[in-house]
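Below are two complexes that have chain A in common, paired first with chain B and then with chain C.
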Partner chain A sequence: MSRRSGFLFVAPALLLFGIFVLYPMASALSYAFFAWQGTTRGGFVGLENFVALFTQEPFTTQLPRAFGHNIAFFVGTMLIQNTLGLGIAVLLHKRARTRRMLQTLYAMPYLVSPIVIGYLWTLLLSPTFGPVNALLRKVGLDSLALPWLGDPSTALWVVVLVSAWQWVGFPVLLYGAALGGVPEELSEAARVDGASHWQTFRSIVFPLLVPAIGTVSILTFIFAMEAFALPYALGGSTGSPAGATDFISLLFYRTAFENGSTNAIGISSAIAALLFLVIFGGAVVATRVLRRHQDRVAA
Partner chain B sequence: MTTTVRVPSTVADPVPSGPVRRRRQRPIGGVVGSTALWIYACAALIPLLLMVANSFRTTPSLYSDPLGLPWPLKLDSYRKAWTEGHFGEYFTNSLMVTVGAVALSTVVSTMAAYALARCRSRFFTILESVFISGLMLPIHLAILPIFYLLDGFGLVDSRLGLMLVYAASGVPFSIFVLTTFFRQLPPELEEAARIDGANSWQMFLRIMVPMVRPAVATVVVFRFVPIWNDFLFPLVLLRSREKYTVPVGLTTFFGEFSTDWSSLFAGLVIATVPLIVLFLVATKQIVAGLTAGLSK
Partner chain C sequence: MTNKSRRHLAALTVTSAMVALAACSPSSSGGSGGSGDAKNVTLSVYSWRTEDVAAYNAIFDVYTKAHPGTKVDFKAFKNTEYNLKLTTDLTGSKGPDVVQVRSYGQLQPTIASKSLLPLDDVVDLSKWDANVVKSAKGKADGKLYAVPLAQQTLQMYYNKDLFAKNKLTPPTTWAEFIAVNDTLKKAGVVPMAVGAKDDWTLPMLHQVLAAPRFGASAFETAVMTGKKTFNDPDWVASVDVVKQLQPYLPESVVGVAYTDAQILFTSGKAAMFPGGSFELGFFQKQNPELNMGVFQVPAPVGSPSMDPTTTGYADGAFGISAKSDAQDASKELVKWMATKEFGQLVADKVKQLSAVPGVSYSDPLLQQMSENYTKNPTPYLLLVDFRYGLPSGSVLLGTGVQEMLLGKKDAAKVSTDLQTGVSQWFKPTT
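Take a look at the complex of A and B:
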């Protein structure tokens, strides 16, 4: 194919992608360095918008709180969803006949919109007619029939659990693929030498899974930092109750679209820029650590 | 939130390679393991089944017996959600925006992927890495510039504007998958066609596109889901109710019908039905596409 007709083939995609993705992404960062009067861009103010985030109310209280929730969400997801996912993938590994079927069943919840999942759980956990608490009462666990989403001390963990429930099929799929790539001979040899299942897993299979674990961790990190629709459905844009389910993206949304301040765009763009930095920085650092680990294993 | 996270979901189990082993291997965990797996499958499905079951009941019966069964089936909740709750409009809007966006991004990406797979020069290599880098971009963070960009075109509060944004955001993933597929096709195919006097465009349409059909099906399915489900873009970019897509419509609906529980469940089911249909219709194609990608 000639270069000229090659370019004609690429042009529509490049145009679409350039206008609606690349250009907005590039200018998103620049927005944070200007003062804004409503929707009109004022002068260049350097880092002033960022300084405001760390010195002005309500950001001095809400930003660290929301960021803490994002981190808790990440840690909780890693511990619950990805550990459970790895366990399920290991159990599924040798079950050739039922594997496809079960993987499909586990994948069902993550096809559903996070906003639907969020609203569904507000209904299921409702203190008045929610089947969850009704069931708990029926089996005599009345003390556990609590307003789970209404209580600031439990609401964040509901968000974590609901999200883990929704997405667990995803690490199952990725770890399943990685387990399929572990040479059968290695674990067989170990077993012939008298190693137990657990020993084989810990010293042979697990080290070979590290790259997959790394990939899952990076994707989980990006996912946790961007959390928006699920907490919005479970706690609204203010992260109720009492900001217990507030996340950075919700703070960004409130600042940009629900806050009357004249410089709303400047400040909210600074939040977006920070979030971008965290996501990008986190992903880069994690990739580097992972590569170093792989070099060490190879050496 | 979606593009980056969903990418590797195309990775399926590798098909067992080499001769099939005769000796049956004992699965880890035995019967206990199997039981645990099926119990977890129930845990994954029961909340979704409850959603469907409760949508066929009435609000008073939900109140008096939260654990009751949906019998006899009541369809009032659906009628109410569809008409009074405006789900008819939301559904049509979502369908228009999603189908339009997926079609546009698939067409332009298939063309671009063909050129990227076949043109060997520095320029196209750089171009490809620019497209692929889009997989890592958290596009939701660019919502403000996108808003003003669309405002400049007069496309705020417009389904067309929303569709264009979705189409563009699907380009990196679609190009990523399709380029890989085009590269696996032997160049001899085109050489034969060129001798017969076909030009690039004819070659692309008559020979290459039919060959990558499984990959196109994969791209269509994997882009349909996140666009149908997306919430932030319509929340910010649409203003008037008659243009709302289903996810934004749901938030309004949950505000207005907050005590009509069975209608709320019906709304959730309506929002989910197209995904279930897609999944049932396309499972075969998805699997075909995935195994084709792994066999090379």
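Take a look at the complex of A and C:
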């Protein structure tokens, strides 16, 4: 088949991709380089909107703060959700009969919208009516009956934990599939040679899981950088309390839709473009690093 | 990982990131527009009040009966999606004719994109409350772009039965107000239901408790003309009033959501609720047995003026799309919206405070709120004057008060941060 006829075959898909993904993306990017009067595009201003993000209040304080929270959310999710997910997947792998059912059960919460989950947990954790604190008080753990979402030192971690609660089924499924791909003979051979369970896992299973771990990590990174619905439901658009659960998407939302400034579209597009660069760049770098690391582990 | 799956991974990464970005770009969609010749016109009217569709249809029926040939097609969209819908449809040629628009700062982007017709020659609102009219004006050119529809007032609600049980009456001095709070607290009732987790409620709380302390309308004039700033000792003292009253708010108040506070009040666990006239319908629906009253909080000790006040602001207005192809008929309709007939219909059918002066209310509480406001009006300062830029004054004060209630900032620091923040875009007129 010639190159040209090959192109003809992919043209319909390319066209659709261009119209529905590339074009809106490029136009959204271009908005960041113009001054706006409401929805009317004004003159080209170059990087002015981006400069404003780094020189003007409230962005100079809120952008780094929000970015820090996104990073903390990523790290927390990696440590809690994905570690727990791997553990559960390994344990489930040994239970051939109930595995399917349990995997489904673990995956249930992520079928529910994060907005619903967020409001649900807000009710559960409410210091006035919430059953969580009532339960803690009943069993004598009064000191733990905290205003979980009302204290800046706990609020962000509540977001991480609720998110982990909702999404833990996702790494369980991915790791479950990857574990299914690890040839049984290898583990058997190791056991015949007298390796313990832990040794088998550490030296045989884990290295073979590295590609899956890489996929999960990068998806988690993108997920954490884009986090919007759950933080919005738990802390509102300002990241209550006092910005302790502010994320970049929330800052974008506030700038774009809750703003009396007429250049809202320009500045918020600059935030969106920046967020895109961080996610894209971060994901590319992470892919590179993981690939190198993976070759080393696999070698 | 094989080469193929690596490429898959890379492709997946790129597309996810792209989708994230594409989701941020506004898209355009058509809307159905007003059409027809001069005699037979259908005006398409947009609103975000999905809960009031029946009421508005009844209101416009009155209009169409008196104006044969004109039909009104009232369409309501979800509140949270309305801004986006309006932005896209006003740019298209087949958009609506008459649109409900936001007030004050949130109206400015719509005006700046030249989507609305100036109405200075169409209606005369010179007899209206200046605070309310300001909500529909362009900040940059001072022109009128819409006819205000509803207004809200802020005051203290109280549970009459709980007050009677504890032998209390609405306080008339600050000392009495504190005594009322003390008595209620001793009786095991939460004195004031406040949900400080939702920071947007806090500038309202500040306004209800302490508007006289910073000087109410007199302070507004002073701050707008640059004679005073938010570092003014009276302003700082007014923010501190909220801190002093913290013992009378629910425990760990910054963790209490606004909806929790509403339930505290309607279930009789709290005796007072500082809130807006917009709460009334919800309270009545939530607990029809609830025996409610409203009062103006007396002026705190040391206030520049000892008159209690009721805070008010406009909430929504109707304007005409600049792209409408039925402008004459639209102007007629909007003119009618500035009449007492329309105002009374809004009061009766939508059960809101109308922006039109001189309207009366069948609900005694709405009537009382309206009278209180007419007697001692003061603007909701942060909403009326400080939402025209980023950072918005309401957000600064809201999150600042949260930090104050958490013990991380004092009133002076909250005020300084407010001043620093708004001076990014606010320039006083000298």
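Basically, the second predicted complex is superposed on the first by the 270 of 299 C-alpha atoms of A that agree within 3 Å, B and C clash if a C-alpha of one lies under 4 Å from a C-alpha of the other, contacts with A are read in each partner's own complex, and residues count from 1 in each chain.
Operating definition for what follows: a residue touches a chain if its C-beta (ideal position, glycine included) is under 8 Å from a C-beta of that chain, and two chains touch if they have at least 3 such contacts.
Since this is a predicted model, take the numbers as computed values, not measurements.
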{"item": "Fit-or-clash call for chain B and chain C when the two complexes are aligned on chain A", "value": "clash"}
{"item": "Touching partner for A:M25 - first (chain B), second (chain C), both, neither", "value": "both"}
{"item": "First (chain B), second (chain C), both or neither touched by A:P147", "value": "second"}
{"item": "Which of chain B and chain C A:T128 touches, first, second, both or neither", "value": "both"}
{"item": "A:Q56 touches, of chain B and chain C: first, second, both or neither?", "value": "second"}
{"item": "Which of chain B and chain C A:T215 touches, first, second, both or neither", "value": "both"}
{"item": "Partner with the higher number of touched chain A residues, chain C or chain B", "value": "B"}
{"item": "Chain B versus chain C as contact partner of A:S269, first or second or both or neither", "value": "both"}
{"item": "Which superposed partner A:A195 touches (first chain B, second chain C, both, neither)", "value": "neither"}
{"item": "Touching partner for A:T39 - first (chain B), second (chain C), both, neither", "value": "both"}
{"item": "Touching partner for A:A72 - first (chain B), second (chain C), both, neither", "value": "neither"}
{"item": "Colliding stretch - chain B into chain C, listed as 93-101, 147-155 or 201-209", "value": "147-155"}
{"item": "Contact residues common to both interfaces of chain A (with chain B and with chain C)", "value": "20-22, 24-25, 27-28, 31, 39, 126, 128-129, 215, 219, 222, 226, 252, 256-257, 265, 268-269, 272, 275-276, 279-280, 283"}
{"item": "In the complex, chain C residues that touch chain A", "value": "1, 5-6, 9-10, 12-22, 24-27, 83-84, 87, 90-91, 104-106, 108-115, 196-200, 250-257, 260, 263-264, 387-392, 395, 398-399, 402-403, 406, 408, 420-421, 424-425"}
{"item": "Chain A - residues contacting chain B, complex", "value": "1-3, 5-7, 9-10, 12-14, 16-17, 19-25, 27-28, 31, 39, 88, 90-95, 98-100, 102-106, 108-109, 111-116, 119-121, 123-124, 126, 128-131, 133-135, 138, 165, 168-170, 173-174, 176-177, 180-181, 197, 215, 219, 222-223, 226-229, 232-233, 249, 252-253, 256-257, 265, 268-269, 272, 275-276, 279-280, 283"}
{"item": "Complex contact set, residues of chain B against chain A", "value": "1, 4-5, 8-9, 11-14, 16, 25-29, 33-34, 36-38, 40-41, 43-45, 47-48, 50-51, 54, 62-63, 66-67, 104-105, 107-109, 111-112, 114-116, 118-119, 121, 123-124, 127, 130-131, 134, 136-146, 148-149, 164-165, 167-169, 171-172, 175, 190, 199-201, 204, 225, 228-229, 231-232, 236, 246-247, 250-251, 254, 261, 264-265, 268, 271-272, 275-276, 279, 283"}
{"item": "Sites on chain A touched by chain C in the complex", "value": "20-22, 24-25, 27-29, 31, 37-40, 56-58, 122, 125-129, 146-152, 210-211, 214-215, 218-219, 222, 225-226, 236, 238, 240-243, 252, 254-262, 264-265, 267-269, 272-273, 275-276, 279-280, 283-284, 287, 291, 294"}
